[in-house]
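Below is one structure, written out as structure tokens, with a few remarks after it.
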Amino acid sequence: MSAEVGEQTALGRETRFSSALILTVFWVLPIALLVMSAMKTPIEFSSTSTLTPPSSFNLFDNIARAWAKGMASGFVNSAIYGVVASLIAVVLSAMAAYGIVRLRIPQGMFWFLLIYSGTIFPFQMYLIPLFNFYLDTGLYDTRLGVIAFYVAITIPFCVFVMRGFFLTVPWQVQEAAALDGANSWATFWRIMMPMAKAPLILLVLIQFTWIWNDLLFGLVLTKSESVRPIMVALAGMQGVYGASDGPSVIAATLVGSAPTLILFLVLQRYFVRGLTLGMGER
Amino acid sequence: MKLKKLGLRKLGLIAASLAALASPAVAQTVDFYHDKGNWNDAYKTVLGPAKDAVGIDVNLVPYADTSTYQAAVRAALRTPSAPGVFAWWSGYRMKDLVDAKLVTDVGEVWKKYTDAGLVSPSLASAFTFDGKIYGVPNLVAYWVVLYNKKTFAENGLEPPKTWEELEKVAATLKEKGITPFGQTIEGRWPSFIWFQELLVRSNPEFYARLMTGQAKYTDPEVTAVLKTWADWIGKGYFTDPSIAFGTSGSNAMAGQLAQGKLGMILVGTWYANTIVQSGLDAKDLGAFIMPNEKADLPKSVIFEAGPLLIASASAQKEDALKLADYWMSSKAQQAWVDAQDFPPINKDVKAKSPLIADLVKEINDGGYTSINRFWEATPPQIAEAAVDELGNFMLHPETAPQVQQNLQALADKYWATQK
Amino acid sequence: MTATIDQTLAPALRRRSPGRPLKQRIVPYLYVLPAALFVVLFLLYPMVLTAWRSLTRFDGISDPVYVGFENFSTLFQDPYFLLSLRNTVIWTVAAVVFPVTLGLVFALAFSRVRWGGFFKTVIYLPATISAAAAGILFSFVFNYDNGVLNMILRAIGLGDLASRWLFDVPTNTFAMIATYTWQQTGLNMMLFLVGLQGLPPEPIEAAKIEGCTGWSLVRRIILPMLMPYVVITTLLAIVNGFKVFDLIWVMTQGGPGRASETLAVTMYREGFILFNQGYSASIAVVISVVALAFSYFYLRSVLEQEARQ
């Protein structure tokens, strides 16, 4: 059953549909051009305009060339970092938001602002202090160090969103659980978390995407190919000095973006339904 | 008696340890940091054999972003995790490292090769401070005009030997609807390219003084250069400054040259590869050194030399010196030149492409002086800010006087801190 | 069933009765501390170091020299600081207005249109690539000679509008804001969709039965219930607007001639290009203080609003 916000006439529906269609065509145009460029040969790329369709399908050649330059280990590393760090961060954040909003920790606003302040700082300024910190503590160039950082940097936003979500949960739910004899942990895991499935999954997606796309911190906190994430490997492929192969760089970028897109397509059914369902449905 | 026995045993231990030290040990690792991701394979090819040749296992650490690279290396230089060998920039860009005693004197390595007559001592000039040499050459390039031979032939043009000929070539190309020169501000830094060239072509001695703060950006020599430049921009001799140069993956400038829509590009010799990749056959690509404005000026060419430096605080310092020695050898240099098509620094090494071979021959035979690039010849605090001003000039040539004022203000601010 | 402060306060007050056993009082801390520790160790500690650095003159290789507040006074007298600040304000306002509003509009509109799921996916696509990649992509789009935008404009006869988008001031800032909007709208749309999904259907049905429909329904019933998510997206947009860097650096490097710099770009330039790390740190401090102040006042006003309902 689709909830209706207002009446829908047949004409109204068609107009809405056509305008949405036109909008999305323009919206996706830059990406479509990107895909087209990834299919061209290097010579075609430099000599034809971006709007010209490729004359032949070179996509796999370009990807193969990019892959040969060493994307495989980056892929694996980023997958590990994305999954592990986002899951840890999301769980720890949900716990923190629960403690602040539902368990009403004293000075809740202070704790919230403390964690939230992790987002207000421009990222680049973390680079050098963290670099030195990691060198001193031996976390430099280790997978553990990288994961620890990604967890830390994704926590603030997650706490922020989970706090917003927990504010919308009625107190009756908690009261009922307490009456049933459940302690805070049981309430958290068996009642709150399942209810929060939609924001939790969205957060995992968002943070996985952020971690996957990170270049700066992956670059500064690591040096070995076995530890470096994928965007670092990709960025190494382009530059003015020395021949850079436009289409294979673009192809590599597309392949590098594929996992975040696939993850989105897989997870989206948990949160794109929007207004069509109420709280009772899981 | 007991004493003698103890003594013998001690001697025995000492002898054994000396023997262990003398015998070939397991290969030592040297960390090699650089910021040119797409050169990583070339480095692997050149330095791989170092394992067998001198017992050094090179661990390459590529950084994809130049400013992040510089910040990370600078932060590491004072710690024991300092890189054994790292790629850097010459002149003023390495001066602060030298002043802070963070890099090692490699004069011994140079001496071996200059004594043997294999390497010209003048090549060390950009890495020399207070008579000591601190780097070995990594990137070597000359800044010349690359041109499309086909385009020239089709229009009955020859590479110009005088300034008047250069202007005529430009005018002819323009008439035929071909843009004569490429210039860009894409990436922010390229705006100094034409500035330095026009200065060197009109008054190289002034250029040298300007770089070290003994002349002003508001002096008439600079005004004259900006006027010529503005003139040419007004005549439509240049491409639009927003043209892509390769910083973000697109090589529109190279592509236009390859297709004959653009006649000439003033750039470092390393750009030749990009042009060939964009579709111009290597035999159709030519190079000439821009002629001086006045015939009585000495022959000179602007060059770019990037060094490999060795960190003094690094635990790998001794091995890094061995590696530097291997790097300068004919074998390694030949592999490097074959991979990158750079002008050879070692006389036993042959250039890879005819373009470079001819160019090097002309420079050596013609007695050209090499002049260091603006980017390294003047302090980075001035250079980095100057390119923004020059970029403004390229977009709005009529603002030349204001640009000159701003440039001089930058220079004044820096040189004042050096008093 | 709105989560008003009145309702949430009542049970809390009951819980805070004195005499609760120590064990029970510790419990909330057990939930909050792990996250807080990560943030303090990896994020706040470098921030404190940077704040200390802002009181020094430091080039990264020699020893830092203590100079008190000299960096700040230089900063506030620098004409480029005002320019940078102005651009930052433009960015922050635009970053709030466009992606958030569009995100909300799309979240509502695509819920009631055929192929809604497909459209939502398309709108979200740009959020899967990095900001730098989006910047590079749109650099191609905005190119004067063969960028898509100018080609289309010339093709439909509006060639006069074709300009050097990224090299004219202030056009370039707006071009970059358009790119930013393209990328961020999807994210906001998703957040709103999550919010909409969690809304209880009863009040909406009740309102519809009473004849409240369309825009009126949205304004009077749906939006108020969505408030926590509006707060989230707005606050996020404010903070991100202050911090925007990758996109600008890739597209214009803050140029031409520093005209499109924002505070974050100026900070990076001073720290990583000119190696004035002390000065750069002072800009970072200014950014953080302003962003924190904005966030605090916004949150407080929202809480007051909630209490008054």
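We just call them A, B and C in the order they show up, numbering each chain from 1.
Methods note: contacts are C-beta pairs under 8 Å (C-beta built on N, C-alpha and C of every residue); 3 or more make two chains touch, one makes a residue touch a chain.
No experiment lies behind these values; they were computed from the predicted model shown.
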Intersection of the contact lists for subunit A and subunit B: C
Longest centre-to-centre distance from subunit C, chain (CA-based): B
Leader among chain pairs (count of C-beta contacts): A-C
Subunit B-subunit C separation of Cα centroids, rounded to whole Å: 40
Length of the line joining the C-alpha centres of subunit A and subunit C, rounded to whole Å: 15
Sequence positions of subunit C contacting 2 or more other chains: 60, 140, 146, 268, 271-272
Multi-partner residues of subunit A (each touching 2 or more other chains): 128, 215
Sites on subunit B at which at least two other chains make contact: 68, 71, 75, 187, 248-250, 252
Of subunit B, residues touching subunit A in the complex: 31, 33, 36-42, 59, 61-65, 68, 71-72, 75-76, 79, 81, 139, 187, 245-252, 254-255, 258-259, 270-271, 273-274, 276-279, 340
Subunit C contact footprint on subunit A (complex, rising order): 2-8, 13, 16-17, 20, 23-24, 27-31, 33-34, 49-51, 92-93, 95-96, 98-100, 103-106, 111, 113-126, 128-130, 133, 148-149, 151-153, 155-157, 159-161, 164-165, 167-171, 174-175, 184, 188, 198-199, 202, 206, 209, 213-215, 231, 253, 257, 260-261, 264-265, 268, 271-280
Subunit B-facing residues of subunit C, complex: 59-62, 136, 139-140, 143-146, 164, 166-167, 250, 253, 255-258, 268, 271-275
Of all residues in subunit C, those that touch subunit A in their complex: 1, 3, 7-8, 10-12, 15-16, 27-32, 34-36, 38-47, 49-50, 60, 107-115, 117-133, 137-138, 140-141, 146-148, 151, 182, 187, 190-194, 196-202, 204, 208, 213-214, 217-218, 222, 228-229, 231-232, 235-236, 239, 242-243, 245, 264, 267-268, 271-272, 277, 280-281, 284, 287-288, 291-292, 295-296
Partner subunit B, residues of subunit A touching it in the complex: 42-43, 45-47, 69, 127-128, 131-132, 135, 140, 215-216, 219-220, 223-224, 232, 234-246, 249-250
